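Two complexes, one shared chain (chain A), two partners (chain B, chain C).
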Partner chain A sequence: MAEQHKKRIATASLAGCFGCHMSLLDIDERILDLIELVEFDRSPLNDLKRFTRRCDIGLIEGGCCNEENVHTLRDFRSNCDVLVAIGQCAVMGGLPVMRNAIMHSDDPLKECFDEAYIDSPYLYNPSHQIPNDPALPLILDKVYTCVDVVRVDYQIPGCPPSGDTLWQTLVALINNRPADLPYELIKYD
Partner chain B sequence: MDDQTRIVNQACQRVGNDRLRLMDILLDVQRELRCIDHRSIAQIAQQLNCARIEVEEVASFYSFFSSPRKGDIAIRLCDDIVDRFQGMPAIARAFEQQLGIRMGETSADGTFSLDWTPCIGLSDQAPAALINDTPVTRLTPQRVVEIIAELRHHGDPAKLNTAAGEGNNAHPQIAVEVHNQIRHRGAVLLNDAPADAGLDVALTLNSDAILQRIEDSQLRGRGGAGFPTGRKWRTAANTIAEQRYIFCNADEGEPGTFKDRVLLTEHAELMIEGMTIAALAVGAAHGIIYLRGEYSYLKQHLESVLSQRRQQHRLGCSIGGRPGFDFDIRLQLGAGAYMCGEESALISSCEGQRGEPKTRPPFTAERGYLGYPSVVDNVETFCCAARILTRGAAWFRGFGTAASAGTKLFSICGDCDRPGIYELPFGVTVDELLIAAGARDPAAVLVGGPSGELISQTAFERRICFEDLSTAGAVVVFNDRRNILEIVEYYMAFFVEESCGYCTPCRVGNVFLHERISKVRQGLASPQDLAYLQELGDTIAKTSRCGLGQTSPNPILSSLQNFPLVYSALVKERDDGWQAGFDIQRALEESRRLAKRRSFIYDPSYSDSTNSDKEAPA
Partner chain C sequence: MNTPIRFQIDGVEVLAEPGQSIMQAADAAGIYIPRLCDVEGLEPQGSCRVCTVKVNGRTAAACTQPAAADIEVENDTLELTNYRRDLVRMLFHEGNHLCPICEASGRCELQAMGYRLGISQPTKYPYLQPARPVDASHPDIVLDTNRCIRCGRCIRASRDIDGKSVFGYVGRGIDKKVGVNGDNLLATDASIDDCAIALETCPVGCIIQKGMGFYKPIGERSFDHQPIGSNIEGNRSGAAHREETWRQGEE
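Then we have the complex of A and B:
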C-alpha cells in the first residue's frame, strides 16, 4: 500500500497586497512544523510558477481585477481539491473593489483609469498616458470576488487573517477536520 | 409675489402653518405645482419655521412627491406582476406611443407624465392605472387611444367618459369606473344591518363593558398581524395620559389587497361607527383615517360621511347626547408609500415625518402619536367591532375557528374567472376559495401578498386562519403557465423599492437577494447561490427592524420551500468548479475597447489554441 503522501499546498496572490501571504509567514517557528506536514507546490513562497502535480489545498489571496487573475484562479480550481479564499480581498474584494463604486458613470472603466493615471492631484505622470503595454493583462470591467468566478470551499475573513487563524485553518484541513475557528480569531471590530 | 410663492404660502396657511400637517402642505404643493422643488422646500421651511432639511427629507420619502416636474396629467400604471400577466406591457406601449414619451418621462409641453407604481388596489380589474386621482380599469390598447384623445380634448381626468361601477362607485362624489365585485356576502360585514346599532349599544355601556365585549369576541386585527383587538384597546385605555388617539389604517398597500377599498366605498359609516366605539372604549377625543394616496378619489365621499355624522351628533361634542363624549375624525392622505401601512410609520407620517417606523417598545397603544396612547386598527377591524357591539360577542365567535373568530374579507385576483371580494368564515381552505373564484389550472397561490406565503398545489388544502395560513385579504392566483421566479423577482424588486432604508439588513440585503434571484432566473446560478438565498433571507428576516424587512424575504423563502423543483431545474453545478454566472468575455469587453487590443489569454487569434482556459491542465 502506497505511503500516504504529504499534503500538497499551492498558494497565489491575485488582486491582493501580499499581506495575507506575509500573515502566513507570521506563524513563526511553526513553519518548521508545517514543512514536516506539507509540501509546497505552485506558490510565490518557493517561486514555482506552475503546478507540478495536483494539490490537496489551494490558498488564494485577493480577488480578480484582471484577466490573469481569472486565469490563475481557474487554474487553481482545476488543480486543487480544496480551495480556500483567505482575506478580505479574496472574500469580498477588499480595497480594490472600491472601484466598483464608479458604476453610475457612463464609462466607469475610463473614469477609473483617468482618476488613477491622469486626473489625480497626487500623480507624477509626465507622459499623460494610461499604461497599455501589450504585456499587461487586460483589466476586468469590475473587481470580482473569488466566489464570483469559481466555487470556493472555505472563506477565511480578516485583513489579513492572523497567523494563528491561518495556522489553525491549515492544521484542520491537513487533518481532514472542519476548520472550527474560535470566536476571537474571526471577530473583527 | 409670484405664483409659486403664493401657492406655497396658501398651502401652509390652509393648515395654519402647522408643522404636523406637512403631508397636507406637500400634497397641495405637488398637486398645484406638479413638483416640489428646492424653492418650494425653502419656502415651506420658512413658513413653518423649521429647517429646510426637515421638509426635504419628507418630500423625498414619498413616491407621489417629485422634484422634477410631473405632467399636469400624471399617469401611473400599476406595475404589479398581476397586471403584467393581464397584458400591462401592451398598455404601457400604447401609452408611450400615444404620448410620444417613455415610461418615467414627462412630455415636453408638460401636459403628460408616465410612471410605474406598485399595486393600486384594483388587482381584480387589471390592467389598471391612475390618471391623477382617477382610476381607470380593465385597460386595452384601444381604450388607451380613446383616453388620451379625450384628455387632449378637455384635459380633465375627472371628466373622462367612463362607465361608473356598481354601488357607491356611481355616487356623484365618487363616480369612477371601479367595480366592487362583491361575490359572496357573509354574515358579519357585507350585509345590511341597522345603521349605528352598535354605537347605540355602546352608548349605554361604560368603557370597561365595551372592552369586555371586544375581548370576549376574540376579535383579532384584520390588517395582517392578527393582534387581539380587545387587548390593544385595553392597553391604550389603561395607559395614563391626557389624550388618546384612534387611527384607522386605510393604507391598504399589500399588493393584491383591495378589500378595504370596497369597505371604504360601501361601508364607510360602519367603519366610522367602529372608530367611534373605540374612542368611547379607550377615551379618545381625536381620530385620524389614514387613506392611501391611491384612494384619494374616495376622499370627498369620506369627508361627506364625516360631516353628515357631525350633523347627526354621531361625531363632535356630546355624541349621542352623552355628556363628555367628544370625538372627531380627520382624514389624512398618504402619498404612495407601502411602508406607511405599518402602524408606527403611519403615525410618523401623520406627524409630518418621513414614513419610518418607530423603535419599539414602547408600543403605539402606549406611546404613539405625539407620545400619546394610540389605537391603530385596520378598516375591517373597526367594521367588525361595530357589528360585535350590535350582535354580541358570542354571535361573532360563532363564525370561524378556535383562534380566529369571525368572517374575513378575501380579495381574490389573478388567474381566475371570478376575481373580487369574498366574505367567508376563517378556516376556509385555499381549495374552497379557488373553486369559488373559478381559478383555472392554479399552480401557485400567493396568500397574504408578497409578505405572506407563495404556496403550491400540495398546500391547497390548508386553511386560511391565524393558526395556519394568515392573510390580510390578498389571495393571488397564478396558473401553471406562469413563471414562478418572475413572480418572485418582481416582488423582491417591490421590497427593494419600498424599504424605508433605515436599517442595513433590509436596505442592502434585499438588493442582494434581488440580484441573486435574477441570476437564478437567467440560469447562471449554482447550488451555492440557493444556499446563499436561504441564509441571507433568514438573516434579513431575523435582523430587520420592522415588519417590512422581517417579511421581505418571504417570496424567496417560501418559494424555495414550496417550489424546490423550479429552482433545481435552473441551477447547475459545473464539473470544473467554474461559475456559470461569470462571463469572462463580457468582463473584458470594456477593457478591449479602451486598450484597443485583444486579450492574450482569452482571444483565440492571440494564442495558438482556441481558448487557453479550455486546455488548462486538468
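Then we have the complex of A and C:
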C-alpha cells in the first residue's frame, strides 16, 4: 500500500527564519520513518528549487514580505493538494509583521528603509544607500499572512511548532485523517 | 438564613446564595464558564462577553447575570463555544498579539482561552494591525497597548482597590482604549505595588513589570500543561468535559 502511493511533500520558507524547518528536523530519528512514508519534492532540505511534479502536501513557513514570497506561495498553492501554513509567521505574520506598525504612515516603505539602512544608530553604511540591486525582490508595502494571499487548508501555530506537533500533523495528513493533537502541542509561542 | 437558589447549568443542578451571579455559583460548583474581563476580587462589568451563556434560551453575561430560581443555563454547548471562539478570535485580530515576543506568553489568559477553545485554523477575519503606542516612561512599569484587550481589570483594580484611578476608558467604539490619568504613566501616581499593576490583574501582556521578563521557563508557566479554568474544574468530570469541548470541531 505504501508503495502504491508514497506521498510527496514540498516545503518552503518565505518571510521566516527557518526555525520551523529546524523544528521539522527536531523529529530526530523519526525522520527515518518519515522518509519511508514520503518523498520530498521542492524543498530547502534537498535544495530542489522547482516542483518536479504535483505534490500532496505543501508546508509553508513564513508570511509574505516581498514579491518573490508571493510568487513562491502561489506556486505552492497551484502545485499542492493540501497547503499547510506552519508557524506564527505564516499564520499571522509573526515578527516580520511588526513592520506593519508603520504602514499607517504616508510613505511606509521609505520609513522602513530609512530605519533599516539610514537612521538606525547601530548601523555602518557610509554611502547612505538603500540596497537597490535589480536582483533583489521588491519588498511589499506591508507583511501579508499566507491566508491574505492564497487559500490555506490548515494552520499549525507555534514559534516554532514543536517537532512532535509537526510529526503528529504530518502522520495524520499522510494517513488522510484529522490530526488529533493533545492540549500541550498547540502553542502560539 | 437565606434559602439557597436552585437552578441548572447544562442539566446539572447548582445551588447559589441569593445575590450571587451565575458565574459565582458555577465557580463554587466546579463548573468553569470561560471569562476574560471578570476576575475574582473585582466588580464584574460584563464587557468581554466571553462568559456569554444562555439563560432560558436568551444570551446573557454569566458574570453579571444574577442566579435565579429554576432558570436553565446553557454553558458548554457547541453554539456557545463557537460564539466564544469568534469573540476571542476578534480580540486576537483587533490588536497586535505577537505571542512569540510577549513575556506574558504562557500565563496570558487571552492566549490560554485560544488554547482552551482550540483556536488554530484559518478564519475569515482580517488582522487590523493597528498602530498603538508603548509607554515605558515609568521606572518600574511598561504599558504595551498593542496587547490591550480593554477588559478594564486595571481600571477597576486601580479605582476600587488602590483608590487611585490611574487608568480609565477613553474614546468610543473601535477607538475605545484604556488611557492613563496624565500625560504618561510616569505622570500618574501608579506604583509597582498597586493591585492594578499586579501580574494577575492584566490578563494579557499590556501591563508589564520591568525586570520580570520571561521569569518562568517554558514548561513551567501557568497554562503550559493545564487549560485555563482547570483550577475551578478541579479533578472532577471537568477534565473529560474539557477534552470534549476541545475536540468539538471548528465551525
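By our rule, the second predicted complex is superposed on the first by the 183 of 189 C-alpha atoms of A that agree within 3 Å, B and C clash if a C-alpha of one lies under 4 Å from a C-alpha of the other, contacts with A are read in each partner's own complex, and residues count from 1 in each chain.
Rule of thumb we're sticking to: a contact is a pair of C-beta atoms (placed from the backbone, for glycine too) under 8 Å apart; a residue touches a chain by one contact, two chains touch by 3 or more.
Everything quoted here is computed from the prediction, not taken from an experiment.
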item	value
Combined model on chain A: chain C and chain B, fit or clash	clash
Touching partner for A:Leu32 - first (chain B), second (chain C), both, neither	neither
Which of chain B and chain C A:Pro157 touches, first, second, both or neither	second
Partner chain in contact with A:Leu95 - chain B first, chain C second, else both or neither	second
Touching partner for A:Val147 - first (chain B), second (chain C), both, neither	both
A:Phe51 touches, of chain B and chain C: first, second, both or neither?	first
Region of chain B that runs into chain C when the structures are aligned on their shared chain, from 243-251, 387-395, 441-449 or 531-539	531-539
Chain B and chain C contact sites that coincide on chain A, given as residue numbers	142, 147-148
Footprint of chain A on chain B - complex, ascending	526, 528, 573, 576-579, 581-582, 584, 586-592, 594-597, 599-602, 612-613, 616-618
Contact footprint of chain B on chain A as seen in their complex	51, 67-68, 70-71, 74-75, 77-79, 83, 108-110, 113, 130, 132, 134, 137-142, 144, 147-151
Contact footprint of chain A on chain C as seen in their complex	92, 96-102, 105-106, 111, 114-115, 118, 120-122, 126-127, 129, 131-132, 146, 218, 224-225, 227, 246-247
Residue numbers on chain A that touch chain C, as the complex places them	85, 88, 92-95, 97-98, 100-104, 142, 145, 147-148, 152, 154-157, 159, 180, 183-184, 186-189
